[in-house]
């Protein structure tokens, strides 16, 4: 008998159909992956399962019985625990308070006992093999990777029958991913169900027993993982065959130095980096979470103050602010980590987002040149193949991939020739990923210089010309194209760790 | 040492820094006028600060919930007016009437919460509107300052149970209540909802429930302030509440509670209310001409907030790995 | 005329008294310098400013010159701040406190405490309800009585009028509204066709009168509690002829009255020099000459274009408006008239702060 | 043709509803009391609304940028007192006095903006303190003396009617300022920046928007319009007096709110604020017409704000669309 079954689930948001009569079934004792492009309906389905949304039509059945109660509380009582990609932690509460939220041990006066809370949290962490996170720390003081670990621990804390992992590895480093996959496997072996949602094919292949693919809100099919090839899965997701994920790589770097950093440092996080980025080059940056890559990108983009010296196109500069970085003499543009909170004005039209960084170029006598603005927008939309109804569509209503393209369009609308891509494929579907990689190579070929950080080492190996590995705020290795392999990069991050 | 001090000050719900400021101010006063903080003097200071403390208490909870409550101005007035118009009724007991007055405050708070939650409206505008409505009702109930408060109540405002002035006692009770409340699930839920509504919902927090609790407490506290005003002055005023709205918000902010929601607490707010109360004394003792006193109060307010935010920024930088 | 005579008499007496005092320097007890604090509740209007200036002038010249060390403590519009301020003043142990209270009742306990500490307390203008302080005020009962009577008489007991209800929540407004209503009940021919709320503020007065003019084709008289110039402008904007107006004694209002052709008006006052009167009273008490009565209420002469006969309060006095004599077009419009009490000579310039 | 207009018409915005509301109140009151719609009275109403409207220009910008300006009352009052004190009733003096006052007002607004943008003082606290400090400073500088009457030229601007058509001069002043405000809001980079800062500071900053500069400019504009309203108001009142600015704090904020702007920033338009100013002015006129006392008026006032805000609520609109 199926532990979980969903029948004919339909959900609309305004005019958009997110789920259109989809169905799904999973058994106890398996890790079941749910795959699909962004906008395929995975997130909506998970949110319905976990009670965050209510379906317009259809029913959910647990152990053959229809679930009638709604809301996160009902789902929790039914034994469903979600681990959300958009974290559900309360940043102003401590780690322990978050994990046991609503289930805290109370003193006779109905107060929450901090001591019991922290002890329980420490015990849970020990049991799960997590270390390095103090139970009484405020969540807002943790890194995103640590927050994701806490979110996972929280999902596991109630020992649910159904654990939902929604892109739970997006901010994790390799050994943490291994840890999570191991936990998922063990739970399945213990007779529980784990739903695993990820864009990373490698992980899915390693951990999932079966795969269900969604497309356009409908179920395409379910298969044993071992019985189906990667290409086939991708074809199911796209509804067509993808030629290739990674583009051809030709060395396009010239001798011209776009960016030269010496002794670049930021607080305690970045301790003196020297490197050069050349015109036409894609320079990869690898590193474990919190080893200085964020500071590196933010410093170059002018968003944090830094020490050391910088030369851009051969001229020494000091970048004072993002505005200064984007200005004509310098031209450094950042594609930030979190597009919803750092990249886009979600409630504003695509048009305004695209030209936001380039307005000074589009203004005449203090007024915005409407025609020039429209030209820039339509050119970007067609060049990046952004799927929008009209330039007036609100950015927040686009799918993840299209949102990322809008951010990219914003960078390209400026005069910047040095682009900083910070994890550009995070939460982006396969089709758009391929487009972004192709775009990066094209840009390099046309003379841009690109610094590229990704949490997915495979992307660095296949897209970058060179990769520098960051460890404890220093460069622990720089690998040229002919030496690039996931293995080597991983080892370099590890060696750095040991050395420090 | 310096770093750990600043991180300690920044971390304790934001009240560390205001407390330091309060001690500096109190120290200055004691230096300029020794004996300023004897028991009798403390009782006077507390008595004059209590109304603001009550209003600011409710405001703190609402701000933690991520909202703001301007309607306390109306509620305070209405409560004072109700307290002062019913002296003619025979056999008035203090407690049932207090319960009725607080009930009115609670209902106003619940109305705010329901409007905000059900229609998903911005608290600032909703409570701006309800402030006007409630103050209007107060003016209809009693068109001007006056009325009479039953002598029993009037006596209550100056009573000294266990030899402790009632205001000091109430302040102690309030702090005890906070020591309890801040550790309850409701307080955590309010914080959670104020920090991030979506996350809070996913954590099974009832958004409307926390709103009702927060605005309900705020309404009750404002009504209590109005009652206290009436018992202290022996009269009600349909417009007095307006004087307390912005100072209450100022006390909350000085106390380190972030207007963005999720953070802060009552300890800071009470500290903030006393800072506001004592700055007047500092400038009085500095013998500034009275207009400079007013300028100085504004300047002190800004300076306290600036130092607070600098300390917080420092502690955040040194405490977190980002 | 009568007023001037009285005033001369009073001045003469004072001058004599002054001579007498000067002739007897041995009276050292009387020459003691007193520390007096003026506690003011709010700073935000012209009347209050003139009140503070009058207090300052009163201790620099005239009978009180050199007798008083005056400290002014102004707070910003909250009862709590005034209580705090008073607590500080009491702790400074002055000889007397004169109080312009922000609330008629909220300061009572604090002022009682001041009395208990042996401090002479004088409350003026908005007087407090506490029994112990001495009180100085305008005789509002007769003022509020005479306002509608004048208008009714000028209109010959017949006509439609509109009434300003002042500042919502203020006890003075409320008392005034009640009294006016009661008096008008005695004039069946006078119909109140509407009222508005000026908040003692010029813009609101103009807007309120304009709205009522729009709503009523016939309006024969206006009772304002404020400037009156807003009402005049509203009449002009609506293209209506001037009608009799009662207004408060701002120099600007009086000037408009005197200069506007065809306008009949009556101007009543509540003089800012009540502060000086309060200081004088405090010194008298400290000198050991307390007045017989705890409450001193003065019925001040009213200025008017048309002196009429009617059932006015006892001792009511009407004086014809005369430019240069009791109205001063060259002085600021915000000056409140009259500028000086009889026992002291505060020049209009001193009152306006323009000297 | 004009994109914002067509956008506005496509979805019946809160702005449109606010204008309809204003019209509805006007028609209803006029039916009850025909004199209300008399041209002379309409002119008077427009003049009164214009002052709220002008103060609300700056308030709109500040609120769109995610802030709030509580320093309006005494900034306005200071400008008014300065106008009459410095001109000493001389028309000629206006030539240097008015520009000077406007520049200083903008400067004071900029100080608000500086503290808010660079020192991270919450806007409520900064502008509230500024209000109090201005109050104190005004008395220190002027020693509180009541200034002479307003120069006649200003009186003409504020109270005058254009003889041939009978329309008030203030209408044209307001229209000109409104046009400038709308152009700034929609057609300039600054306007775009303002919405960006109000929507999301981080996105704005990373996109090269001069966040601090934009914030400072918004508060400077608010200072400017409050100062300008103060100058013009002396013409209306023919004098300056203390407490002149007090009515404009909550009316300016309420006008913005009724006009459909989010107090959280990032949305709203001066076009809506104009409707808000009109509604508030019409409401004030209700009290005398319907013989309400002040309490009842406050109740109505609050109810209308609540109603206006509720109508703009997506929740409510979704509910009605479903039917």
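Labels A, B, C and D are assigned to the chains in the order they are written; within every chain, residues are numbered from 1.
By definition in this document, a residue touches a chain if its C-beta (ideal position, glycine included) is under 8 Å from a C-beta of that chain, and two chains touch if they have at least 3 such contacts.
If you're wondering where the values come from, they're calculated on a predicted model, not measured in any experiment.
Shared contact partners of subunit A and subunit B, listed by label, are D.
Between C-D and A-D, more C-beta contact pairs join the chains of C-D. Most remote chain with respect to subunit A, judged by CA-atom centres, is C. In whole angstrom, the spacing between the mean C-alpha positions of subunit C and subunit D is 34. Rounded to whole angstrom units, the spacing between the C-alpha centres of subunit A and subunit C is 72. Subunit A and subunit D have Cα centroids lying 44 Å from one another.
Chain centres here are Cα averages; for subunit B and subunit D they lie 30 Å apart.
Residues of subunit C in contact with at least two other chains: 43, 76, 168-169.
In subunit A, no position touches at least two other chains.
For subunit D, residues that reach two or more other chains under the stated contact definition are 132, 135, 139, 293-295, 297-298.
Here the touching chains pair up as A-B, A-D, B-C, B-D, C-D.
Residue ranges of subunit D in contact with subunit A, taken from their complex: 3, 7, 183, 187-189, 192-193, 195-196, 199-200, 202-210, 266-267. The residues of subunit B lying in touch with subunit A in their complex are 11, 180, 183-185, 188, 191-192, 194-196, 198-205, 262-263, 316-317, 319-322. The residues of subunit D lying in touch with subunit C in their complex are 33, 35-36, 38, 40-41, 43-45, 48, 51, 132, 135, 139, 143-149, 159, 161, 233, 236-244, 246-247, 281, 284-285, 287-289, 291, 293-295, 297-298. Those residues of subunit C lying in contact with subunit D across their complex are 43-46, 48-50, 52-53, 76, 162, 165, 168-169, 194-197, 199, 201-204, 206-208, 210-217, 227, 229-230, 233-234, 237-239, 252, 331-335, 352-354.
Per the touch definition, subunit C reaches subunit B in the complex via residues 40, 43, 72-81, 83-85, 87-89, 91, 103-109, 129, 168-171, 173-174, 177.
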